[in-house]
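Each chain gets a letter, A, B, C and D, in the order it is written, and its residues are counted from 1.
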Amino acid sequence: MSASPFDHPFLGSLLGDEELQSYFTAASDIEAMLVFEAALAEVEARFGLITSAAAEEIRSRLGDFAPDLADLAAGTGRDGVVVPSLLRQIRSGLSAEAAAALHRGATSQDVIDASLAMRMQGVSLVLDQRLAALGNAFAEWGLEAGDREVMAHTRMQAAKPVRFSCKIAAWSDPLTRCRLRREEIAPRAFALRLGGPVGDRRGFGDEAERFASEVAARLGLYPAPGSLHSERDGIAELGGWFSMITGALGKFGQDAALSLQNEVGELVLEGGGGSSAMPHKNNPVGAETLVTLARFNATLVSGLHHALVHENERSGAAWSLEWMILPQMAIAAGAATRTAQDLVAHLSLAEEPAVPPTP
Amino acid sequence: MSASPFDHPFLGSLLGDEELQSYFTAASDIEAMLVFEAALAEVEARFGLITSAAAEEIRSRLGDFAPDLADLAAGTGRDGVVVPSLLRQIRSGLSAEAAAALHRGATSQDVIDASLAMRMQGVSLVLDQRLAALGNAFAEWGLEAGDREVMAHTRMQAAKPVRFSCKIAAWSDPLTRCRLRREEIAPRAFALRLGGPVGDRRGFGDEAERFASEVAARLGLYPAPGSLHSERDGIAELGGWFSMITGALGKFGQDAALSLQNEVGELVLEGGGGSSAMPHKNNPVGAETLVTLARFNATLVSGLHHALVHENERSGAAWSLEWMILPQMAIAAGAATRTAQDLVAHLSLAEEPAVPPTP
Amino acid sequence: MSASPFDHPFLGSLLGDEELQSYFTAASDIEAMLVFEAALAEVEARFGLITSAAAEEIRSRLGDFAPDLADLAAGTGRDGVVVPSLLRQIRSGLSAEAAAALHRGATSQDVIDASLAMRMQGVSLVLDQRLAALGNAFAEWGLEAGDREVMAHTRMQAAKPVRFSCKIAAWSDPLTRCRLRREEIAPRAFALRLGGPVGDRRGFGDEAERFASEVAARLGLYPAPGSLHSERDGIAELGGWFSMITGALGKFGQDAALSLQNEVGELVLEGGGGSSAMPHKNNPVGAETLVTLARFNATLVSGLHHALVHENERSGAAWSLEWMILPQMAIAAGAATRTAQDLVAHLSLAEEPAVPPTP
Amino acid sequence: MSASPFDHPFLGSLLGDEELQSYFTAASDIEAMLVFEAALAEVEARFGLITSAAAEEIRSRLGDFAPDLADLAAGTGRDGVVVPSLLRQIRSGLSAEAAAALHRGATSQDVIDASLAMRMQGVSLVLDQRLAALGNAFAEWGLEAGDREVMAHTRMQAAKPVRFSCKIAAWSDPLTRCRLRREEIAPRAFALRLGGPVGDRRGFGDEAERFASEVAARLGLYPAPGSLHSERDGIAELGGWFSMITGALGKFGQDAALSLQNEVGELVLEGGGGSSAMPHKNNPVGAETLVTLARFNATLVSGLHHALVHENERSGAAWSLEWMILPQMAIAAGAATRTAQDLVAHLSLAEEPAVPPTP
């Protein structure tokens, strides 16, 4: 038990995902924010908004900048965002000209949202690879199973025999669709929101849209037609995507747990969990964890939809709510893919399936 | 106050949507189920699974079938689904051969899910038209506003002036994206789930996939590669779509309510709501209602993600949960588009904007 | 499928509760509002705030008042609340003096919240009786079961034998606690919120608190120290209570469905649901419905907690959200108690329990 | 942005609560589990279930036990619970007799739930003190404000003047009720769940109930009539309590943010947050954070109600879901009380209230 089940010294190995968590450290966030500021300065120099000398000085300063975390913490507690303190620290090592050129025309939300979009895109690609691997593992299992049949169950009752490969398809097909969805939502979820203080890009010159596209290109993000600061549908959609992954895998986990019941014995699990009191137990811990993660994300996705009611040009309240929810949903999706891969590798169809009850 | 705010004699005019509610009457549901059974019989005859005479008899019987609702209610209370009773009623007017041919190879979920998909597609098209109309209304308002500026607010504080057309874009852009999303999700949300008792389409002959596509085509639905009975991601996604509509309009409503504050006076509302105790009030009822509907759907969307954990080949529990949630979300989206259209028509930018405070 | 599963011509018999729904008709609401206005007038006459003649005229008018529902609907669509239209209709049959005396010092929220509190208290008492009956049914079943043992399951695996009466206690104990909770929350959930236009009771004279207590007493409601208009914790708490009922019964339903699996066969269900395609099925429809209702309320309870963020002296947005959610939660709790009573009556311990697997 | 906003190096100072987080470290959890095992052994010795020598050896071993966290992590990832690994580590330093005596009759859930209940009780007492302090601060402010009036707002529109002390009461009263609720829920939320492997306390001798009460007394917990392992209503109720705290304070935050709008100017905030782009801003960061925390908990509470559907004698899935949610809700409640205390200390009524608009 811990504030976060993910970072917890022992629960983390059950519910967390080290690879995905690396995207959500303060260090990763700061690094992405520095990348943003460097790209911004570079493009501003190209568009003649700041001098090349200033851009070069900024680039150099960012290259070896080491943040004072205690000061960032104090600043975030006060300002609600880390950016004012971060900029102050960076500027302390810059000439007056470069200090003025840094972050020129931008606002806190530009930096923070860009960092988020960059890292979320990375997260989505890791998940995409895992979904592909899971799809392959399911496909292989389906081939192995051939024409073997198991008892289908509808409404918790034995129905009629069905090919086991049909069951596998019900686990695998939604993952394939999730991969397709990633491509569909990418231009909205991984777009650069670059709007300046009130979202109108006024500080980026006469060609603000082309300017923003140029910055987006350097960050590997999609250009956005508007600034999007207060348009959060891409975030809600991304959260929905994470939850559709955990939901599909939660169904797999639930089915596995049902099939692994001693009385059913349709599947065999190698190396389940042990009990402190009942040595004979071989608990389907991974299967249950998939259900847990599905319900966790199904709960959280609601909060991101509430955050769509983002008042005026920037809502500190709705925006911070995203910070509390979205990373957790991403990591839960990671933990689910990790757990599912492990579960598939340890499951097999029982040699001698339990005799289906004559209904 | 009522079980359903939508069907309520007086709350319905505030929170409901007559046009969309027509898709969710028992009559609409039954009609769509009859259309499904007729199409199924017709294609089965073409594929030689039943005789043409049986198909013709079924077609004729369905054409003038009048359900006994009390019997359907009793059956649903017992069976958890309406279909067994409905079929019994239909069969009572059929020859033995046609009675056996009716619903051949299909199962309750095929009928119910097909009816839902057909009606949901209709609902989505109504919403799409309204989103288009709203987009036009916003665009027109933006043109009218020209270069006029209002005070932007970030974190509930006056920030800097911004063109009013920028604010409008933040209300309108997400709606445009919702129209695009409808096209993306259509093949998943409006697909024919036709699987038979355990979802393997075994009863539809050797060319089951082509058979299912043929039925789908007649119903105006998308063919699905598998039976999908227990794969509910298209439903969760559709619910997310409804909630993204209400969320975007909730932000518009919230912004309108803030701009209409007497102390701000940036917008003017013609014909707001009256009070029982304060005759001077001109309450922004529509604006508030948009926030209500957004939070309602943001709450409900969670339940559809929980319903992804659909155990085995058919979960009565998870499936019925969809029935309790999805229609309400659709109608809330309808009510929001209806209310937003009305609100836009009654809002205007104040002639003499309140003097922006010197920050 | 319908806007509301409760009022639906055939789904209602599965998911609804006629007795509880009677509390949420427009007629019940209007009747309670008239009772409130009559009590208000009567106490105002006693406190000398209006004349006895006016109170008598009001009493008489309310006694045979027949509302024009179409006008109420139009008014609610415009004003966001039904009260201004309702009062206009009532006043049309009153002298000028009585018209001025009607609703004196009160506001829409006073009427609507009072009507809700009165009806919710009634609902809670019906539920309380059913919980008591369920407790008795479980106790009886426990006595019948005596020392009989069944296999306990932890983490979906056979664990060790346990007395069946222990399982029953896990279903019954939370219901007992729900009965206790009803008493605890009653003074907060069934309190009279009587505050006038801005909640300060200014219009009720120098002894406003005593005045409000007097009105509360006549309505069978608890007096509240303040006006509570914008303090909604009693509502959220009541919603939590409904959801704890459905949650406890959802656990019972889930356990029953698991025990009724053909492969487990620990329980026997008399008269389960039939299938349109598999005549051998005896589906545990009631057990699944209990799970559905639990997840429905678990989803909705979130919205009532969001409604705690009730801005300023009255939030149309947050308040209307309660209207959309709370009645549904009450009816779902009703449907769950009704379904559970039916389920208990049709379940029995299998004569020959399935041989527990040797773990 | 981080997996957990609470433990995050810089976001933690905005959204976290150091004092409360200390209850959720692995160290705190382990310490409480050791306290449980020691109390269990001691009472077992008194009841003659183990020898005094074994109890003494256990006590001594637990006194200087230092866990191997890496091994606990590996074990938790495998077993789904930390307890088997933890016991293995402890037993490695015990004689065979004491090793057998350790944890005798108990199961993993007994230990973990006891640790949770002990720490949650501590958390609730910290919160209770802060609620008391907040109540005092509000009361003092109300006295200071005396008869001063501000404009009341209903439905986001100026209504009528109201005493500012009335507004304060609407913020403070729900906190008072939360203190009362703590007392009501304590016997259910802070009860000892001590049931053994399948919850029937069979391993604790003939006087199992008295035995369990004795252990409870030593741990400062409430005795429970049954084992409660699968009865989770006390947990859902506790989560509801946390969310009612954040909800009440979220209303305060929302009201403060509205009153602090430049155009309203009813309140003055000393030392708000700064902006990276607009030096004139004095952002009501704390007020917005209260709204964020309210919506976070309003979202999460739903998951705990879903966890009520706890299948059979122990559900790994539903139980782990609690671990992912409950600590976060506790800390959010802590952060809200901390933030509210700070906000109250920096808010004051404007000397010259903005002229109320003539409605």
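In this text, contacts are C-beta pairs under 8 Å (C-beta built on N, C-alpha and C of every residue); 3 or more make two chains touch, one makes a residue touch a chain.
Since we're looking at a predicted model, the values are computed, not measured.
Student: Going by the touch criterion at the top, tell me which pair is linked by more C-beta contacts: B-D or C-D.
Tutor: Most contacts of the two pairs: C-D.
Student: Which one of the chains is farthest from subunit B, going by Cα centres?
Tutor: D
Student: When the C-alpha atoms of subunit C and subunit D are each averaged to a single point, how far apart are the two points in Å?
Tutor: Whole-Å distance between the two chain centres: 28.
Student: What whole-number Å value describes the gap between the mean CA coordinates of subunit B and subunit D?
Tutor: Measuring from centre to centre gives 39 Å for this pair.
Student: Mind pulling the residue numbers of subunit B that touch at least two other chains?
Tutor: Residues 80, 153-156, 159-160, 197, 257-258, 273, 275, 278, 283-285, 288, 291, 295, 298-299, 302-303, 306, 315-316.
Student: Considering only the defined contacts, which subunit D positions touch subunit C in the complex?
Tutor: Touching subunit C: residues 80, 152-156, 159-163, 166-167, 169-170, 173-174, 177-178, 181, 184, 188, 197-200, 225-226, 228-233, 236-237, 240, 243-244, 247-248, 250-251, 254-255, 258, 291, 294-295, 297-299, 301-303, 305-306, 308-316 of subunit D.
Student: Considering the complex alone, what residue numbers of subunit A touch subunit D?
Tutor: Touching subunit D from subunit A are residues 1-16, 21, 24-26, 29, 69, 72-84, 87, 103, 106-108, 111-112, 115-116, 119, 196-197, 253, 257, 271, 273-278, 283-285, 288-289, 291-292, 295-296, 298-300, 302-303, 306-307, 315-318, 320-321, 323-328, 331.
Student: Which positions of subunit D touch subunit B when the two form their complex?
Tutor: By the definition above, subunit D touches subunit B via 153-160, 257-258, 260-264, 273, 275, 278, 280-285, 287-288, 302, 306, 354, 357, 359.
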